[in-house]
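A short worksheet on the structure shown next.
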């Protein structure tokens, strides 16, 4: 069995999740398409990188991402950095002929994403953007039902991604609140996951009409600003900086196939944690999903008898997508790691079979164009059309 | 205790619900503001009306609604007819000095609603429009929490009303699919309930941006068209007529106080029955409601300890709105009837105390203006502003 | 249409619920088997009874229950008193040839229930005991599925009835905590509802093995004992009296058909309100019900495809039991009142058709025998057999 | 950082789960107590073991478990075999001075478990039995609330573990249906998990009163017996063997501290997958958990205001047990793997700190005694007392 060396850039939360996937993928998918080997890891300092290597099981470490990209043994470059570094790294990796997996969103803007898309296209390397949620078994089961025609022709989609970690105005001004680094706020961070699911399940999005809102216009520069000891001292004393990205987003959607939809994303919804949901109506049935209860898919078939029609709660397991590879009994428990393990499998299978994998940088680029359209729509208060990827001038 | 005579026009489902409320209201609210007496009922034929009188406990019956309006003993006229008859009856009742409760939506168009609003205003009669869902105890509890500031300043609202009874393209072309009678489709029938809740809980809606869709463009003229016997004969043989109202509606909302929102309504969502829901985010908490589980309100308080924060499922009972009047233990069971019993109580209290009651025809008129704006927005593909009621030219 | 006069004894919560049913039944079931007329109501004082008559719409009132039983115009006597009065009233009513509906539990002990059972049997009057929850449409739908064989042969049943209104040790010593009046505690008050459902759905119970617990051994003699003003004064100062009934009950069950089961009931479960649930396993499927969400029945069919098997959430409506009579759309809302309206219908149908109705006093007597066996089992710490009703010596 | 070598016996589903934990533990818990190194793996044949080594990342492989136990570099022996091999391996490993983690149930009988318990006690090695579910963060949060007194004094516990994978009578006669190998059926396989949770959360179990049932008395000797091709040929033609273990179990529980409880376990409940639940009532609150929705804990505090009391759905994350180590946001997703990763951490911490870890073989032995008492209770139809571990003769 072939071993494929990976170079990972970024040893934060995402670095952890990806490292887990490299270690565990062959345990779940066997025979594996290839065995990932954790070759080199990069983080912001040599010390952090060395610690990352020990913690996540890499042979080498560095504080210079170029060493990863140029490493002769590395076949796959994994970009798990803040958004503002994606493009430069990806272009260098593509130029070096490396296969690439990049965390989402692909880039801060469509223009930036376009350069990445063109770079991998021209280099002919396998490329993937890490919208992992579509690899939740229940989501893949929804896709299967749709493809089988089990719920008929799709007519409407409503997706949400609601969190609450930024609802506290004293939570500090991390990079996720800064346009220069993040590109956008809830839109890029979580809204794009819903866009990915919408395109995966329903089809291409042809137009958007949106509102973006920033509820907390400035935040403490560091966590220390908050009165975490309960002394009564006003937290307002801490130095603050401006938030120049969106906290919340509502958009209407038009799909090329005539379906309509909506998407709502916020990081300011108290009580919501990772409330990534969708509800799909078709002419012959409906599907409902909530990632917070990700072992389950709800599906209603119009063909069920009138006296026994209703949403079925299907717990995914062996008879469902990835089920043979994962756990033997439904509800033993799909976690976040499993979505990344499946993602890793599909990437490695694409590499070994030299086939395309989805979502790729083309998808990532198109999602960036939809994101830009959402921003433009909010600013112009109007519908913005989004042409399909292969109809765009730059690809002519 | 004063007895107040009621004349009811319309002996269908709504006539049943209202009759139940008249009979039961004093059993629940005691001492009652007044005892409703079922004086006269009107339906489309003398026979139907006579049967309605016997079934619903009215003294007299008629097929001529004018007899109800002109009846010297009747103090309250109850309009439970299809939408196209609301205006004429209401104007006549107001002219006759009767108090009026009218089923929703108030009228087919804002212009029609305006005539009704002005008629009751000029006549000085108590007037109410039967958006009953805000009288669900859990909804009133949401209002109480909001008014107490328990969830802070409201920032976003998302409301849905999803049903599936028209998803079957063979369900017949009832009056609810005809603009001439209904005014609109899902919008007026169920979407206006969400508009009422949004205004009740959040505040005035200042702008809308909407999409309307008709998924089933024509329907059998009668139920017989469908192959209900399973003979295999194509249902398509039945004569069909055009549907000229909306099946589904998505709109974004702007509120005068700066909050944003969305509203989605459909009668084509397989598996959804009476899925009237809202999710409200405030700066200090969130509230979630689903009428299909109407004994419950979910509320999350930001002030709860970090290690024990989450949505509480509060079952409404004695400590909550209307709780002393309804059932002694939470979850004994709030049904549709209870919402109408509370509505009846509030109407009769308004009559005996000569005070306003909400929602009144002013609310109904404003909701009709919002509905018209939603239609216009969908046609023009743009935001449409809705001025507040007291800022409109016709009231200058 | 025939009118049947009712005499109601007890103007408390149950009197209210029954009065609602008499007023509303023909509105829902039409043509009605007969029209109930509220003739006379009895309560503890003349004043209370007179107020009850006005509130609940009765012609006459009295403080002497014998006047009800002997009233020449009364055909149906409705016993809605505390448990200790059931037997004497029922025997007098039977002797007077009246049909009888009696609130549950039928009596304080099996011996007392036997006298009632024999009285109505000998008198030949229609008799019913008001275990209303089996008339929830979703419960009746469960019964229909079972009778159709849709879940195969039943193998196990687990039922609960959990409430929390007595969890507060300062809640006062009402009659429900006194054996002399109530007979038992959670057992008779709520546990018997589960026994009724178990017998209705699964079949006869042949043996029990139980534990009974009293968690709060004494309570304040009146509500004033509690420090409800938050002054800090100890509530323990209030005079207290002993609780001599059970607060909680766990029992295992054996059914005559070989199925096994469990039953748990408590009034001390914080957060549970009217948590009447059951889970039924059959060889071909399962059924789950929770009265707190009573519009829904969950059913799983083994015959569903492996990749789409799961509990369906069926919202009851027109295609389900009582559906044509109740509300036209599922989830419009079944409340407590509806269960009593259906109960009233079935009673009146039994009277007009001269047929038996279930649960009758025979069922109430058998449930009392099971209750006595539960108490004996707890005391002797052993299995206690319960012979079927027609096998008992006293009936030989 | 110290590296500790592991020898794993059993390369099935449990071998996979444990291998994942060894690979991932330091990624989550950092600094880790020690880094597990996968030294040697054993399976039934050399080929299977070699494949296991490659798949799960072990240096060496063998078909002889004694080689693992005697391996000079191995510090930890991990027993993931069918139940009948636990005792012999554990005794050998203890004799060799190895630390041991053993899958549950510890043994087929209490007597067998006693030998294991005494072996590790005498050898002084760290020992753990893999009742992993108590390491679900939500379960550990329940324990924290209880220990803090947040729900007062515990009065009742109801636990279930319901699955449906053996509901199909054509599912083959695997070792889990054979007493010689498994010891018992649903009791040992899943019921013991509930016993572990009950003891962990509530306290020692002092008595049981149970029913055991075998619903499917014989099964096909291999999966081929079933008509999986849908040819209509009777599956009954396949050779069958007897099932001599329980399919289902109901037991009442008495706790040493006066609390009462029930436990129900089945593998024949259609629609249930991994329905491991408990409901705990205390004098000041309640806790409810369902592993199928394991990111959530429901807790109700009596001290909440009367108008806002209800079960809170707390999604576990950083502020909760293991939260810093696992994922940064609640509901990102706890899966089965995470419970094993936490288990691995706690084992390794015990080894490096030379402290006890729970549940250990003493717990496993006591659970086996409770299991034996459950069987005896079912056979004798009576309460069976279970003395605490340190009160037993053999430990005197």
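By written order: A, B, C and D. Residues from 1 in each chain.
The rule is simple: contacts are C-beta pairs under 8 Å (C-beta built on N, C-alpha and C of every residue); 3 or more make two chains touch, one makes a residue touch a chain.
In UniProt terms, the chains line up like this: A, B, C, D = Gfo/Idh/MocA family oxidoreductase.
Worth saying up front: this structure is predicted, and the values here are computed from it rather than measured.
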A-D or A-C, whichever has more C-beta pairs in contact
A-D
Please indicate which chain is farthest from chain A, where distance is taken between mean Cα coordinates of the chains.
C
Rounded to the nearest Å, the gap between Cα centres of chain A and chain B is 41
Distance from the CA centroid of chain A to that of chain D, rounded to the nearest Å?
34
Using mean CA coordinates as chain centres, what's the gap between chain A and chain C in Å?
53
Where chain C touches two or more other chains at once, the residues are 296, 301, 309-311, 315
Chain C-touching residues of chain D, taken from the complex the two chains share:
151, 155-156, 158, 160, 164, 167-169, 209, 211, 213, 215, 248, 250, 252, 254, 260-262, 264, 266, 268-272, 279, 281-286, 288, 298, 300-302, 309-311, 381-383
Of all residues in chain B, which touch chain C in the complex?
1, 13, 16, 19-20, 23-24, 26-28, 30, 32, 35, 54-57, 163, 165, 273-275, 291-296, 315, 317, 327-339
Report the residues of chain B in contact with chain D in the complex, numbered from low to high.
141, 145, 296, 299, 301, 304, 306-315, 319-320
